[in-house]
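Labels for the chains are A, B, C and D, by order of writing; each one numbers its residues from 1.
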Amino acid sequence: MGVMRMGFCHVKVMDLAEARDHYVNVLGLYPTLETDDKIYLKGWDEWDHHSVVLEQGGVGVVSHGYKVRHESDLEDIEHNASAFGLSTQRISAGEHVELGDMVRVHLPNGHDADFYATATQLGVEVGVHNPDSFPTDLRNIGAPLLDHALFVGDDVETTERFFTEVLGFYASERMIASHEDGAPLMATWLSTGNKSHDVAFLKGPDGKFHHMSFALKDWAKVTDAADILVHRGYDMDLAPTRHGITRGETTYFFDPSGNRNETFCGGYLMYPDRPTITWTMDELGKGLDYYKREVSGTFLSVFS
Amino acid sequence: MGVMRMGFCHVKVMDLAEARDHYVNVLGLYPTLETDDKIYLKGWDEWDHHSVVLEQGGVGVVSHGYKVRHESDLEDIEHNASAFGLSTQRISAGEHVELGDMVRVHLPNGHDADFYATATQLGVEVGVHNPDSFPTDLRNIGAPLLDHALFVGDDVETTERFFTEVLGFYASERMIASHEDGAPLMATWLSTGNKSHDVAFLKGPDGKFHHMSFALKDWAKVTDAADILVHRGYDMDLAPTRHGITRGETTYFFDPSGNRNETFCGGYLMYPDRPTITWTMDELGKGLDYYKREVSGTFLSVFS
Amino acid sequence: MGVMRMGFCHVKVMDLAEARDHYVNVLGLYPTLETDDKIYLKGWDEWDHHSVVLEQGGVGVVSHGYKVRHESDLEDIEHNASAFGLSTQRISAGEHVELGDMVRVHLPNGHDADFYATATQLGVEVGVHNPDSFPTDLRNIGAPLLDHALFVGDDVETTERFFTEVLGFYASERMIASHEDGAPLMATWLSTGNKSHDVAFLKGPDGKFHHMSFALKDWAKVTDAADILVHRGYDMDLAPTRHGITRGETTYFFDPSGNRNETFCGGYLMYPDRPTITWTMDELGKGLDYYKREVSGTFLSVFS
Amino acid sequence: MGVMRMGFCHVKVMDLAEARDHYVNVLGLYPTLETDDKIYLKGWDEWDHHSVVLEQGGVGVVSHGYKVRHESDLEDIEHNASAFGLSTQRISAGEHVELGDMVRVHLPNGHDADFYATATQLGVEVGVHNPDSFPTDLRNIGAPLLDHALFVGDDVETTERFFTEVLGFYASERMIASHEDGAPLMATWLSTGNKSHDVAFLKGPDGKFHHMSFALKDWAKVTDAADILVHRGYDMDLAPTRHGITRGETTYFFDPSGNRNETFCGGYLMYPDRPTITWTMDELGKGLDYYKREVSGTFLSVFS
């Protein structure tokens, strides 16, 4: 189906000015458009107009998008999603500013996923001719890009099946409730290319948002990010550690409205022929916090 | 066309025992099959039977392989390569041990590229159930996997055209001779997924081998690798630095026969809609050795 | 008084063979002498015969030593310790193997501190002529040296006063019970040179051992150490993090007998004119685990 | 004699505004006093009023200072330097702004060394009560402190003898011209505490300045510093690497006037009983650039 990547997360925030300070001055994203009730942002290493949309009014996720390779993929997704039994909706070019025609699919877990093939490309500061490796004046964490997100909803199985059977994702890792046969699926990590995951789904109340993740260069930068955050008075929801799941190095924290963010690096290279890893809930501690081997109180309970 | 990754490099070595010591004890690959005149090896994070073949007798590359997603891709590649004007050859399953049916394409730059969809999967030590992030007793550099290779040959343009038009790769970076219009293409870095490159081609004598590259976790590990090497008396061909090209962090050195190896990490996430970066030869120093900004004597002249 | 550094920690272990495996094969110390009931060890970057003594029979600390610059310092320490009101004891050269004449001081917190000016120097593998930066074949963590230790005892005030007034240490950091005037001293970190601390004392039951610490090169190595440990089934008592106190990067874990070890790096440069930092107990979380800002259950309660 | 550390380097610069931009905006030092022809600066982790003085008019070093522990040390140094055969000079408190009484010693290698026991203490942003590990808004490299300097002059032997015999430094490493007996001393690295060196001297034209060095946290920060520099158009005089000598990780570059700076981390812990390491000039490549094993063109020839 040609899905290239998660293209954007659109989240609600309590106070736009406060959120702007967080996403621009602390995370280091670039605001690319600011309207009365929304701010659009991109990382320095992203070409498209935006990867994050902040909307005044509450907390939690409004929708999220996937960029596909060809316009013709949209029709296929629309048709196949319907055939799969999901309701879909057409959104005309520009309704979501700076994005082309979209197909919205209502996922079985209460989330809306928007697919689109076209976005205004703003380019990057370092350009494409004998470029520097990164821009000179990044703000604080200087996050290069949106990497993935984790969504909460009850029907993880069907959601996973839609992503793998219809969209061509494959499961890199899965968490099941127990060692027993037929134990329910609690979470799944799905990849559409060579990243260890592009999106993940966790069992829980429908339509809830667990976190969106910004990729940093390496462990030293993930640790630097934690310093930047604690020096500004943030609480770490997950202090710098490695996830056993995906092998990524990670920090969790909340934006001022209570949407969880992650700064992340690493993870292995994924390929369709790489076997899926299976976790059982009794080892969630190892999967979440590889060194401490414990599940922090909020992981399974605090969503936005 | 469904190419997933570079699957193997098959190189000649002067002395198999000496080469074994290098690839097994220093690089840390696992020997998976040893015959009278060949050693097959894999990294700890690779599932297929081998990613490196060492063959007694000389120096340089014999062939290299790409794993495709489906058996049916082989026919398409065979047909389309012929249509493109390249000669091809069928190799039956098992002729290349532990690999399935192959199509060999004689590339315009004097190299043989083997395409195959099936390989014996040996698995990995950490397994797929609540796994550790890596095995306990890696040897020295402990390289996880073969990442990419750089091949030398005269006709870079046509080779690039075959990979992009027929195989579906896209150019992440290209080096042209000068700023003038129509300046010849000197090198190209090609990606088939989300890595900054899966293979690269450099203008030079046909059929020559520049290097094969093993991916490490991060800059700290690339530097550790350099320590391990110099403490064993290796000369660094390129001391730890960053490439401006691909942004990867890197070290070059030679196996005992004179085949160049790289240990590598980093690089950006590639996508088909990410614009190609263009380098000009006058900035090759920045592209190769980002901090020193100079081209070491061997880069453009020492091949195997 | 010429104290150069903490020279050794002598601890009891339940099972010498098991302890040997931990200190030699996991921590990477070198055994330099093994007797029926003791093992003497040094790090690869230490010149003296040993810095750790393991003794069969229990758990906890037997004594610890400080190397002074001149033999004449011993008499001064003996005299001044007595004048300070502490009882002392002479130990002849060789009674503690490979060390010279010693003065033992019974500290006010129930610990014995041994002072000596002479030790057999075994040297280091890399030598002193155009040396490599470190040896080729370190085992696992490959700890270079004993850095400091933390001892528990009731009378922290008098112990600190002995170290500062008699031995010439100065307090880099101190922890007091509360913000109130006259709040009792709970802990003190003492330096005799440019390290952020050479020894520390914590209020608690007399004669108890909190941890001994081994210095690693940097944060990447502290994290690597944690990987090595968890892959061998160790529980982390403190997962990789930074201490707010001393700014050092750290991991805590236990040897098989229950003596706490630390792997550690960093900390600032200390000088006698650098003002002492004061912590209050309400901020112990920040002082101990800078990112999580919480006091793990064991820090104030599990001693050996 | 109580020398605690190198307290300041006072250098000449061609253009004060340009130098300010370099030392304040790029290196990240804090200006603490600016006069018509001088700028005084300190690092964020230094307590005294300044550690760097920039003076309008040329290039090279004017003087450098050592802070001693007690006022009474000054008389001893004055007396013993005279007895050693060096001329000295008294400088009254305040002549060097914010510093107390000084004794200036004319070193045998053409340099002036100023000794002082008192400096105005400005403190640090993070304070001394439950402090953060570092300030929130460091500029670019954010250098914490002046670490050491390397001075050039003909008579290294006598200079070393003055520092070891009179001032109580000890040689951590020495470079001699060849393996032959009586080969002349080419360079010496001298420590007054636990750092691998506090000052170093190189044979060459009298009164010349090789570099002053600023300590960073670790290798990741040394590499970050190189990125910051090359992105601003600086040439690296020595790209990020390790010194074999002192084991420190390092980058060399020049301020806009041509005074060489170093950013540096690491090095071992020095003690008076640690044997001196000896290098021979044929291994200077290993000593200077541990991975490349070559002496860059400028090291032995470009001084200011």
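Here is the rule we use: contacts are C-beta pairs under 8 Å (C-beta built on N, C-alpha and C of every residue); 3 or more make two chains touch, one makes a residue touch a chain.
As the structure is a computational prediction, the values presented were derived from the model and not from experiment.
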Self-check item: Remotest chain, chain C as reference, centres from CA atoms
Solution: B
Quiz item: Copies chain A, chain B: same or different interface, half of numbers shared as the threshold?
Solution: same
Quiz prompt | Distance from chain B to chain A - Cα centre to Cα centre, in angstrom | solution = 31
Self-check item: Distance from chain D to chain A - Cα centre to Cα centre, in angstrom
Solution: 47
Quiz item: On chain C, where are the residues touching two or more other chains?
Solution: 132-133, 219-220, 230, 290
Exercise. Spell out the part of chain C that touches chain D in their complex, as residue ranges.
Key: 4-5, 45, 47-48, 67, 69, 121, 123, 128-133, 144-145, 193-195, 215, 217-220, 242, 244, 247, 265-266, 268-269, 271-280, 283, 286-287, 290
Self-check item: Contact footprint of chain B on chain D as seen in their complex
Solution: 219-220, 223, 226, 230, 235-236, 239-241, 251, 289-293
Quiz item: Inside the complex, what are the residues of chain D that reach chain A?
Solution: 132-136, 218, 220, 227-228, 230-232
